[in-house]
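Handing you a structure now.
Going by the order they are written in, the chains are A, B, C and D; count residues from 1 in each one.
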Amino acid sequence: MATMAQAIRMALHYGETHLGVTDVFGEDVGPPLGGVFTASQGLKTAWNSPLDERGIIGTAIGLALAGQRPVAEIQFGDYIFNTIDLLKLAGNTCWASMGQYNLPMVVTTIVGAGIHGSIYHSHSFESMAAHIPGWKIVLPSRPIDAYGLMISAIKDNNPTMYMYPKALIRVKGKDLIPGEPADERELKKMIDAPPGPTLYDIIDVRSRWEPQWPEGLTDYQVPIGKARIHREGADISVITYARHVFLAEKAAEILKEENGIDVEIVDMRTLYPWDRETVFNSIRKTGRCLVLNEDTPVCNFGEHILRTIVDECFYELTAKPRLLAGVDVPGVGLHPAYEEASVPQINDIVRELRGICGEEP
Amino acid sequence: MDKELKVKILDLMIEARCMEERMVKMSKSTDGFFWLGGVGEEAFNVPLGLLAKRGHGLDYDFFHFHYRNGATMIALGMDPADELRQMHNRVTDPFSGGRNFCNHYVRKAWNVVPVTSTIQTQCSVAPGTARAQKRHGGDGITIVTFGDAGTAEGDFHVGLNWSTLPKWELPLLWICTNNAYGISTPYDEVHGQEHIANIVAGYGIPTKVINGNDVEESYNALKEAMDYCRTERKPYYLEAMVSRLHGHSSSSGANRVPDGLEADPLFVWIDRLVAEEVIEKDYFDKKYAAETQRMKDLLAEVRKEPAPTAADVFKHIYAEA
Amino acid sequence: MATMAQAIRMALHYGETHLGVTDVFGEDVGPPLGGVFTASQGLKTAWNSPLDERGIIGTAIGLALAGQRPVAEIQFGDYIFNTIDLLKLAGNTCWASMGQYNLPMVVTTIVGAGIHGSIYHSHSFESMAAHIPGWKIVLPSRPIDAYGLMISAIKDNNPTMYMYPKALIRVKGKDLIPGEPADERELKKMIDAPPGPTLYDIIDVRSRWEPQWPEGLTDYQVPIGKARIHREGADISVITYARHVFLAEKAAEILKEENGIDVEIVDMRTLYPWDRETVFNSIRKTGRCLVLNEDTPVCNFGEHILRTIVDECFYELTAKPRLLAGVDVPGVGLHPAYEEASVPQINDIVRELRGICGEEP
Amino acid sequence: MDKELKVKILDLMIEARCMEERMVKMSKSTDGFFWLGGVGEEAFNVPLGLLAKRGHGLDYDFFHFHYRNGATMIALGMDPADELRQMHNRVTDPFSGGRNFCNHYVRKAWNVVPVTSTIQTQCSVAPGTARAQKRHGGDGITIVTFGDAGTAEGDFHVGLNWSTLPKWELPLLWICTNNAYGISTPYDEVHGQEHIANIVAGYGIPTKVINGNDVEESYNALKEAMDYCRTERKPYYLEAMVSRLHGHSSSSGANRVPDGLEADPLFVWIDRLVAEEVIEKDYFDKKYAAETQRMKDLLAEVRKEPAPTAADVFKHIYAEA
């Protein structure tokens, strides 16, 4: 099965050949590298930008104003924070112009910890992003969702922030993307650019390389605004996304085994506008909930979810709802002891879930 | 420049001036909350509008204006009532439905992209439209305007850099209207270069510094600059020294500056045309009175137009599907 | 009594003469204007920076690294959003260097709606600011707090974000700042720079002007981290700050009059690290709470407060806690109809308070 | 340059090289997660450290490094064990207690301010320390280093502008080590100017482009540049063309680039010193073997030092009161 990087690459290929994508650009996004996480290898519209995030976002806005459909990459979510004013402008363009201009642009960026990225390659961005009105925001956890959400993001006529988790970028999916060859080695041979020991070798070998795109790719979409139940359960709902879907899954197995507690896991997929119905239905069913993510905890996106749950489901809750997020420190430190104590781990999730389920109202 | 054009420019300058003066008055009454605009930049801004290629799409010019381009919009053909609508924040304001400050234009039909209050961000955005035009071909160009103080922002460098990338030099006309102030801060206190153009030259972009209070000099320089961008498909930088006749904005009163301290390009032009016997001595007084009355009448009409309501707040957060 | 602008000015004067403040700078902060809101008139260390927020924050960091004590102004909170990466760096400097470098710097900026400021002079910043670790954040509502918090901010050895509300900058206080002359006309004559019809006149007249600072100014401090009870009440707690302290006060009067409901109002003053004790005590007393501010509602600072209240006081609440914040739109529109429908007004507060008090658990 | 100095520079270059090579190895084992550093910049970076004025406070130089200044730190007197501590993220890492990537130095006693991962932000910060020095007087200067690609960021303009303000020209040495790449993107693809220096010259800052693989050229240019900043109290810009011998970082393997494609400044220098008969032919082999062994031994010691624990996470969020 495709990895998330391959899924994104195929969706971008579909976008540039079928959906009018004109530019896929950013730092090291074009040849020879095709993105530091390989998500834009072999694309005919991919190009290398200057090392300048403000220029990348600004140019994406300008291209969209001119009727193009750009997909702009910020190499790491950690480096998007010098563009917040521009993101705000992109988000208010339609509203401030009374609907005259809308911006069909996608910004992609990789987020989160889990690869020993130290202080500046571990950042989350969802809490700040969701605070900026006018954007749609997605953050898939599985290759198939990564594909389907990219197609939806490209088709959407609004600025869309497409984040994806560093820790899952090379993880293979369990579901075949429509059109994807069943044999993953074949896929690799078709669309992964050949490696080389140094940049010089890579430049050399790739100058003669052309991808062979699978022919049956479709416009398979995951609609923006639709969550999914990753695991059904009766006793408590975990509302989460990205990497923590799978950490929650491991925790759920432990709880099943050791406590007989049946955990439901909601993978939000879209963070804005989010799927209130799926989230509320799950919580109404279980009466308990844990909101889970790895961003820092003050003005955390999960606090927004939690507040909304209190608003909508307060009298249906049988235990107080909780947030488990990253700790309130200025960065994720390099040594694993730092990272493990900063970002929710399986044990932490187990402990929180047990706590909530053990609570007497 | 023929006689007809000279008078046309004069007429447009008077029209723009009267519109702005009406708005200054509005800002001192209950008709408007805040004014800032381009009184003192008309000699440059009118030729800019006249020479541009107005229309929709990549074959026409894209405009990334700042908040002193009212005269350019007039020269492009804007009905001044539209600007009064914005000033009076009517829901009929065609630019922002009463949401934004005056002089914050948006007109998609003319490629006028949204004027934003954030100084200099237009310099990071403009390479986007210009890049689309470069790829498209034709002779449409992107025009971006800004003040002198704003060039201190990093976005200025961003824009200059992105317009000079190898194989992607962009048909982008950079225009600095240098009035020697940023709000209260004099140019000489915060710029170590005689002209901002000195910095721009380092990028390999052709530059020119002109007297923006002179209509003919402005017209000719703009023509040359636009021709260059249109045919060479490369960037050009023009710095026009201009006046700021009503101060920065209504926050500091918007009063007319003391006589003689800053040249008034309108009177410079009138004097020239009178001396050249292109117009009669009383031409201006008549025209000015008529335009003043016209703006008053337009405002009276605009006042009757509906205001936004609470329900309008949620319109257009997202694009219609 | 002094206005907030005068209070800040006096505190900065005290800072530059007694507390080692070396630089008060920003756009139009020096002569002749002394700040677009006059908060730095007459200061001997005030100077005009280039129009460049990144340079302002960067230089403040650099000055602090060099052992200076800068106070840097961002002219409007609306224009701070291109510096978030630098604010994050400032906030992580001490932590990332294991305590080697700390940054004794203050960033001041004016925030909020209420002066018909339209899309870009109405922004709130507290939600994003509070999401950035390593900062202390204050936001006074009264001149005396503005003075006392500025003294504390200057003395603090950490980066401090000092916000103040646009709508209250010219409102006079009810409490005399220690050392302030009792006659407010006298104060005005002493420390307000003379006006002029145009910039040229102002330059002229101010070149001959010198302020006469009150002699008895003290290092009166409002400790960072201490809220205050603005109004005592028994039935419901409003947790708020800045302009909404006074809007809540008006709403409280209406509720007293019309419903006999007794509202307690907590003015947080410090947003981070905030005064949990005062907030929780109030809520434990009343059993009900409304968190109130004007920032947009997704990842709103009030959601953080609310989540913490749910964490700490859930089983003591007799009604579900609520947030009343700005609406989720990309800006505050210019026409009053927009502003009134976007930012909580007295009527909205009354309605919410009645709703919570009328709710049956 | 006397013989003694020549050999001293050589020794430091070898020491730095061996330290970095040890770290490259560590990044391929369980001893470290990630490497990036300055292999290929030693001919420039060692003289930089030797010529700087090391100490604490405004009378000494301030350093705003990027992540390729290991050789400069060695020349300033750093014990390479400290760098291995950071690479091995020990809590004994004196720069960040095991929190940050290697080559992210901080040493307050030497005015080495925190190296940040965010490219080019140091250019917006450096004017702050330089401004304090300008006010203070003396001959301390601020030195800031960065790569070629990073100059595309707006912060580059910000820094250049703030260092040339009227009456506040700053004693600030701008250093670009131009290795012709930003990760995988060639200089020629994203820069329209032959040298970044072209842009800088527009600000009125003296500039010089040099061969950073040549020790003597580097030493002399640095001396001249520093003298200028120290005595004139004004900015200067130096662009050193350098090599990147192990690629960008361990993300792309950190393998040694194919022979002959990039000059190795260490061998250039050895060949010169052998030709000049300053050293014997086998000098390098011996020294290199000894330093390689020393780094191995240091690492063995460092490995025994304690790792951070969960409790360390919350230390130093705020300054001690």
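The rule is simple: a residue touches a chain if its C-beta (ideal position, glycine included) is under 8 Å from a C-beta of that chain, and two chains touch if they have at least 3 such contacts.
Heads up on the chains, UniProt names are A, C = 3-methyl-2-oxobutanoate dehydrogenase (2-methylpropanoyl-transferring); B, D = 2-oxoisovalerate dehydrogenase subunit alpha.
Source: prediction; values computed, not measured.
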Co-neighbours of chain D and chain C - touch as defined: A, B
Chain at maximum distance from chain A, centres defined as averaged CA atoms: B
Between chain B and chain D, centroid-to-centroid distance (C-alpha), Å: 46
Distance between the centres, which are taken as Cα means, of chain C and chain B, whole angstrom: 36
Whole-Å gap between the CA centroids of chain A and chain B: 41
Residues within chain B bordering two or more other chains: 96-97, 99-100, 116, 118, 121, 152-155, 158, 161, 165, 189-191, 317
Touching two or more other chains - residues of chain A: 50, 52, 54-55, 79, 82, 85-86, 94-96, 119, 133-134, 328-331
Topology of the chain contact graph, where touching chains are joined (line, ring, star, complete, other): complete
Parts of chain C lying in touch with chain A, wherever the complex brings them together: 54, 79, 81-86, 88, 91-92, 94-96, 119, 127-128, 130-131, 133-134, 272, 296-304, 306-307, 310-311, 314-315, 320-323, 328-331, 361
Residue ranges of chain D touching chain C (in the complex, touch as defined): 57-58, 62, 94-97, 99-100, 104, 106-108, 113-114, 116, 118, 121, 123-133, 135, 154-155, 158-159, 161-162, 165, 315-321
Residue numbers on chain C that touch chain D, as the complex places them: 22, 50, 52, 54-55, 57-68, 70, 85-86, 89, 93-102, 104, 133-134, 136, 157-158
Contact footprint of chain B on chain C as seen in their complex: 27-28, 30, 32-33, 36, 48-55, 78-79, 82, 116, 118-121, 197-202, 327-331, 333-335, 337-338, 340-342
In the complex with chain B, residue positions of chain D that touch it: 152-158, 161, 164-166, 169, 188-193, 198-204
